[in-house]
Amino acid sequence: MIETLFFITFALLTLICALLVVANPFSRNPVTSAMFLVLTIISMAGLFVLLNAFFLAAVQVVVYAGAVIVLFLFVIMLLDIEEEERRKLKQFSVYSGILVAGVVAVIAITAILSSGIGAYASASPVIQGNPAPLGKILFRDYLLPFEILSILLLVAMVGAILLSKKDLK
Amino acid sequence: MIQFEHYLIVSALLFCIGLLGVLTRKNLLVLYMSLELMLNAANLALVAASRFHDNLNGQIMVFFIITVAAAEVSVGLALIVALFRRRQTTNVQDLSELKL
Amino acid sequence: MNTSLMFLEILVALAGLGILVGDLWTPDKHKKKLGYGAAAFLGILFLISFQVQVGNVKYAFGGMYILDSLAIFFKRVFLLAGGVVMLMAVEFTPKIKRGVSEFYALLLFALAGMMIAASAYDFSLLFVTLELITITFYILASYLRSETASLEAGVKYLILGALSSAVLVFGIALLFGSTSALSFLEITETLGQSSGSLASNPLAIAGAVLVFAGLAFKLAIFPFQFWAPDVYQGAPSPVTAFLAVGSKAAGMVLVLRVLFQALPSITLNWSAFLATLAIFTILYGNLAAIPQKNLKRMLGYSSIAQAGYLMMGIVAMSSAGASAILFYLVGYAVTVLSAFLTLTLCVNAIGSSEIKSLSGLMDRSPLLASTMILAMVSLAGIPPLVGFFGKFMLIQSVVESAPAGWGCLVVAAIIGVVASLYYYLGVVRAIIWDKSPNTELEKIQISTPSQALLYAGIFMMIYLGFFQNQVVEAAQNAASVFNF
Amino acid sequence: MSVLTTIIMLPLIGALTLLFVPSRHKTVVRMIACSVTFLSMLLAALTFFEFNASDGAGYRNEQITPWVESLGIQYHVGVDGINIALMLMAAVVGYSATLVAKSITTRSKEFHVLLLIMIGGVLGAFASLDLFFFYFFHELALIPTFIMIGFWGRGENRNYITFKVTLYLSLGALIALVGLVMLYVKAGAGSFDIVEITKAVQANPISLADQNMIFPLLLFGFGILVSLWPFHTWAPMGYGAAPTATAMVHAGALKKFGLYGLIRIALPILPDAAAYWAHIIAWLCLGNLLYCGWVAMRQKNLNLVIGNSSVAHMGFVFLGISSLSLIGVTGAITVMVAHGFLAALTFGLTGYLADRGKSLELDQMGGILKSMPAIGSFLVLALMAGCGLPGFANFVGEAMVLFGSWSSFSMITIFGVWAGLVIGAVYMLRALRRALHGPLASNYEGVADASGIGAKAPYLILIVFLTLFGVFPRMLTDKISPAVESSLDLMKSTTSLTVAEKLNTDSADQTSEAPLAAESNSRGNLAESPQLESTQG
Amino acid sequence: MNAFLSWSILLAPITAAVLIGLFTKQNSKLSSKLSIGAIGFSFLMTLLLAAVNSGTPEIPVTSSVTWLEVGGLKVELGMIIDPLSMMMLLVVTGVGTAIHIFSLGYMKDDPSLGRYFGFLSLFTFSMLGIVLASNFFQMFIFWELVGVSSYLLIGFWFERKPAAAACQKAFIVNRLGDFGFLIGIILIWSITGSLDFGEISGAFTENPALLGASTAIAGLLIFCGVLGKSAQFPLHVWLPDAMEGPTPVSALIHAATMVAAGVYLLCRTLFLFELPTSWPEDFAWLNGVSSLHIVALIGAITSIMAALIATRQDDIKRILAYSTLSQLGYMVMAVGLGGAAAGMFHLTTHAFFKALLFLGAGSVIYAAHHEQDIWKLGGLRKKMPVTFWTFLIGTLALCGAPPFSGFYSKEEVLLAAYQSNVVLFVLAAITAVLTTFYMFRLVFVAFGGSAKSESADHAHESPSVMTTPLVFLAVLSVVGGWLGIGGYFGHFFDHGAVHHGHHENQTVVMFIGIGAIIFGFFPAFFMYHGAESDPLKKGLGGIGEFLKNRMLIDEAYQWFISRTHEALARLADWIDRWILAGFLVKGIQFTGEFTGRALRLAQTGNTQTYALLFGLGLAVALFVILL
């Protein structure tokens, strides 16, 4: 029962904050969006905990809220971006965007509801998302993607430096 | 009782909210945040599946996604910075030299 | 853990690292040589790759990495493309102000990603390699950050690429949610079991659609193709070439594996859907290319059209179709690389990639002119060049297996080819018989390696047009991994 | 290696050799080009005259080399009565075109390379007994055509014309390709080899539904290539704009590819559909015969008159094919051969005039016969042959077509006679009168005649063959008719009876009885007289 | 022997033609020698052949070579030597030789003499081919060749516009006739399975109903060929124009030989016309009319019409041309009325005297420096005595005055008409009156009186190379008629279509014939003796103009053709230009380009549009596959 309550709370929080990231009626400032993104991430971490993914919940908060969002904020500050310009929003693009997203949502939810996937799920979990089992799997079964990720990170590093470096004229 | 479906629905909604942002917001940074939301929707679905299938592989995948997202963000933000330096804008609509 | 299976990829990645390191000790004016070195290295690897004997299918990393004839076939294509692109990059270096060696290194990392993608047999590996390729391309596409076009191309590719990645990942999540597996082997097993009830589960199907959409983005298949012309036009020429050949081939091998090895029980019902996409892709690419005036942009549209033709082989859903795709890809790689090499050299000399500016090329450099003409004719699919035989095999495979809507598909293909002649011949016309507006016609100087490469390109386009047997057999051998 | 391979490869090897000759050595280029085509012609002529029809049906000089075995593709060449004459014709036209190409001055090496490729392609297409190579060689010849029209072509409008011709012909070729591929699939022989397919079909005919799907593809695909009405508009313009040698080879030889395809492939392998579609071909060919004749009457440019007349002549071939009778089909092939020589001759001559006189507008021509007696008289001969005069091979072929098609389509035959005898004479003679007769036009003052045997040779060769086969038609027909007969026999044997019956009832209200029985003209059935009024369809 | 002779007769001229064409065109002397030698050789061989076969009246096909054999179509090149062809051979080679020699003088100044003789030899070859032909196909081949050599010779002076127009007209009008001819051949072949005259007539003897309902049609289709070549109404229009050719050509082709080919063909295929007539259902209203009736009617119409027109012509050659038309009409009428022998007889004598007349006219024209208008000649009787006397002989022969050859043959024709159809007989008699009238008009105006122009004033007699043939032909014109006495020509037709021996009829006809001459001569004498201008010009008014303008038949053709074929051609051209090449081809091209331009509008350059389309595509894909 408590779990249900937590789920509803966190789920609603996640969705509302996400919505506020995307469409905040009060502010079009990117900083506001970034702050709501942090809230979204944190409430998602709550959902992770509900799903027994304790380690991932921590990673989510640390990496996303602690690094990614900070990076965003840093860039916002660096570029000194004011509020999103109050250009005349193209009604068409907004409505069509809502329409498309809505249609995808409806289809996805219909699919989920009609799938009866719950029947395939096991109700009582045995494993828990602790660092130890995760690490074992990561470094045994998933070593190759992990190594590739290291290259990816190297590439990202090189790329970020190359791209953001000031031109030497 | 909270079922797998419920998590999936939340995840799908989150995905669509992200999509909405991508489709409507003009600021590249916010647009990028919306993309992060979409990735997070996948994360949520994976973690939920991991839990309900009793299978940690999903969590590993989430781990990868978070890492990739970080890399993507770093490159993306660097690109946005470079663009801003060049064009003094972060509005996606200003990027329409290449067309037709 | 059978890491020896992937020594080619490891060597490529190490070469990338080596260049990054070697850069520190290389003076600026010699940095070009790093590129030559890398190209030579890739050439050697290409030759070595023919020594890799694939008898049985071999797995590594718990079935995550597969080495079969399909994988090695694609690795060869990637190595070939990588080598040529590397030489193109060397020709292109005068335009890159800083970070020449990083450019080479990034190309090598992307290449390594593609080569691993050819062996990916697990959705996590698929995702990670795909991201390695894509993220590298974000950087490469915007490499000329002093040019707004390049930056714009980069940002567009970034946003749309990230969108497609998100879609792909969500698809993977849904698939994992329904099958509880990431490995292709397990997924096939799970979907095949339980008398196919999972295979008709909407969740799994939705996941398959999302995954397909994410991969189709790489292939530039309608309606996920809109990025292609803009990015092709804005990105530096070698990068465009690599996008056109490498990224597309990588997308293709993944699509083949996902559709026919991971999710066959779902996707085998899709032939009408796929045929529709193929029809639209062919028509869109070819018709929209007609009014183009910029060669790179035109090639962007043309690459969409080529993706449509490739789709015909998928629609056929037969090993004949798969081998047709593979042959077509080889021919396409040879042709497009020749075209882009010529383009790079022309742009260096002329300073513009407008089709109009090619006029008088016949006088300025017969070699470049003839390579470009042959490439255009080959892309259009006219004998005796290699492009024809690929289309021939594709049409044959479609007619043979006669899936739903194949008649329309063939009609669309014919319309597409005819329309494509219109714009390809426009290039030929510009080169051969349009009068050049500026009268000073100095000869274009071409470096020896590029000359050799151009000759090789001409030779291959013609040779493969006449003597298709070896490649066809290799393609059929590679396509034999699919069970239809 | 078969002599046919040599014949095909000679020009192609010549083209390859030319690539390595520096372009400033123009004489060397000419020498190589002329000698390879001459050798090729010589070999073709030897093969032709050695060919003895009484040795029985079947192919001679065969060569089979595996190519892409897994796809059922092999290099297979061979000749029988149907294509031996076409080979000879193509080789002769090729040689004569090479001789004419002397007038090309800009980038002459490239021109010769392309021309040789084209000639090799034509020869290969006629010799191939494998559907893939059959198509492949044809396309090999097409590409040079486009480039040659574009670069060396004539006229302000050649840009548009190049594109039009290219797109038109490619469309036709692609449609035909789909038909060929379908044929391969449906025949189930697992091979593109015509012989294999024929065998397979004999044992196991293709179903009527499939035949009716493949045949139209072949018909219209090939039809576009041969300028079957109403897909003909590319031809007159294209020939008008093409450089002389190109127009000669294309109009003379390459264009016959589609017809050859219909006769070689569509008739014997798809007999039921052929019987069914013959009616449609017969009516469409009226479009060529009458309509294009009328169009030719209105043209004000000599090349357009000739171009349209060339299209009109194709009507006879289609009529002959549609008759599905021994006489008609033999006549059709004879017309193909004769028209090959003739078209090459006329386009060669008009090319000569256009290159030197600058204008082929009939208003600006006149009196050429007086000032240029040699070229003028050749042109008179050509135009006379074009309106079906006895003594030239065209007459024999056209007459055979008309005789052969009478019992199948007598009404259409009457129109054919009208078109051949009257309309043809009208436009040909009008053109002749305006261009050659009357006082000399200012454009042509001081234009030199072809003097010396060298300059006349290309035309003389063609005229010699045209008259040789016109005076001694059995040199052709005795070779052709046994092959046609066995092909038609095959056609009859592969028709399932039920289908034939069905067709009979279907076409009862059509212009004739079962066209399959069209060959009822033997002396045996004197009593069976078609009623004139019953043919009014 | 026969085979060798007949082949050598046929092949000698073509050998000459080929040799001239290939080698000696530039050398006019050698060319003319070759050509004259060839026809002279043929003439001698013909005489030899006649001598060899004089004992045997009936020699059928002597030799044949299979020229073409495909399935049921077997074409042989054969040689028929029978009295009919023998006679024609003699006429063609004999008159031909004379004309060849005459040409030598008449054309001696022409720079293209070599070409001229080449064409002449080609013509001789073709004409001999027609005469010797043993089957329909061979006949058609040479028929066409005759047409083309006639075309070449009429257009010999092609740089003159009227000549260029005339030769074209001649060829095309001939082709109109051949159209029916060829269809007739195909029809007969398709029914009988054979092309050979002998075989076909044999088949008809066995089974006269073989042709079924289309007997009359088949005959008339063959007759179409006759219409064209023998210039019968309504296809006669080319012959007067053909006078643009050199005069010897007019004599040879358009008077003596080629135009007679039609009559020869009629006689050769007479078996076809004698079959019991029956019409197809659609023509049932014609029942009772045989094809021969139509032939006769056409002949009669032609003869009277041409004679009428001839009275109002001023050009010396045109008068002769219309006279030829008129006489050809006589012959055709005769055949149509069952007097094939009479027709052939008249053909022979006509060949002699009409050739003579034309050559005479040629001599005049030559002497008068190409002046052809009779009103600008005059007074030539004194200056050119040989020409005048020979011309007069020809005129008398043409008018049918006894004892000249024309008398006998014309009488036969009139007799045939008298016996079978009075109406036609009256027409023929009127024609005879008119003939005398216009011929003497010509003689009086051109030869009598005084010179009316300078060129006529300076005229003097032609050289002997021209006068010798005149004399030769004049002799033939006188004696030629004696051939027919005793019904020699009747032997040509084994079934004896001619009914001889009605003496009363013969006498009546003879008197009417002679009366016609008198009725013709005196008006001509009174009107034109010493006249300076044409008194009939005003006298006839509108009718005169109508006749002078050749009864406006050319104009009618013009009108008809421009209404039919030109209109169709214009329509076809319009469709070609605007519908096929314009609307369809350009339309498809435009559609392609337009679609291309429209499609790329989706490529707005705005990333979010792309994303939107991506999402939309995704949604649609999901929707399609899931639902």
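Chains here go by letter, A, B, C, D and E, matching the order in which they are written, and residues are numbered from 1 within each.
Criterion: a residue touches a chain if its C-beta (ideal position, glycine included) is under 8 Å from a C-beta of that chain, and two chains touch if they have at least 3 such contacts.
Please read these numbers as outputs of a predicted model, since none were measured by experiment.
Within the contact network of the assembly, the step distance from subunit B to subunit C comes to 1. Chains that touch both subunit C and subunit E are the following: A, B, D. A centroid comparison over C-alpha atoms places A as the chain most distant from subunit E. Sorting all chain pairs by how many C-beta pairs they have in contact places A-B at the top. Central chain by Cα centroid: D, whose mean Cα position is closest to the mean of all protein Cα atoms. With each centre defined as the average position of its C-alpha atoms, the distance from subunit A to subunit D rounds to 70 Å. Inter-chain centre distance (subunit A to subunit C, centres taken as mean C-alpha positions): 31 Å.
Per-chain Cα centroids separate subunit A from subunit B by 6 Å.
Averaged C-alpha coordinates give centres for subunit B and subunit E that are 96 Å from one another. Counting partner chains per residue, subunit B shows two or more touched chains at residues 4, 8, 15, 18-19, 22-24, 26, 32, 43, 48, 52-53, 55, 57, 60, 64, 68, 71-72, 75, 79-80, 82, 92-93, 95, 97-99. The set of subunit E residues that touch two or more partner chains comprises 600, 603, 605, 607-609, 611-612, 615-616, 618, 622, 626.
With touch defined as above, residues shared between interfaces to two or more other chains in subunit D number as follows: 167. Interfaces, counted as pairs of touching chains, are A-B, A-C, A-E, B-C, B-E, C-D, C-E, D-E.
On subunit A, the positions that touch subunit C within their shared complex are 107-108, 110-112, 114-117, 120, 141-145, 148-149, 151-152, 154-156, 158-159, 162-163, 165, 167-168. Here subunit B touches subunit C in the complex through residues 4, 8, 11, 15, 18, 22, 28, 31-32, 35, 38-39, 41-43, 45-46, 48-49, 52-53, 55, 57-58, 60-61, 64-65, 68, 71-72, 75-76, 79-80, 82-83, 86-87, 92, 95, 97-99, going by the rule given at the top. Subunit E contributes residues 592-593, 595-597, 599-600, 602-603, 605, 607, 609-611, 613-614, 616-618, 620-622, 624-626 to its touches with subunit C in the complex.
Residues 67-71, 132, 135-136, 139-140, 142-143, 146-147, 150-151, 159, 162-163, 166-167, 170-171, 174-175, 177-178, 181-182, 184-185 of subunit D touch subunit C in their complex.
Listed in rising order, the residues of subunit B touching subunit A in the complex are 1-10, 12-21, 23-27, 29-30, 32-34, 36-37, 40, 43-44, 47-48, 50-57, 59-60, 62-64, 66-75, 77-82, 84-85, 90-91, 93.
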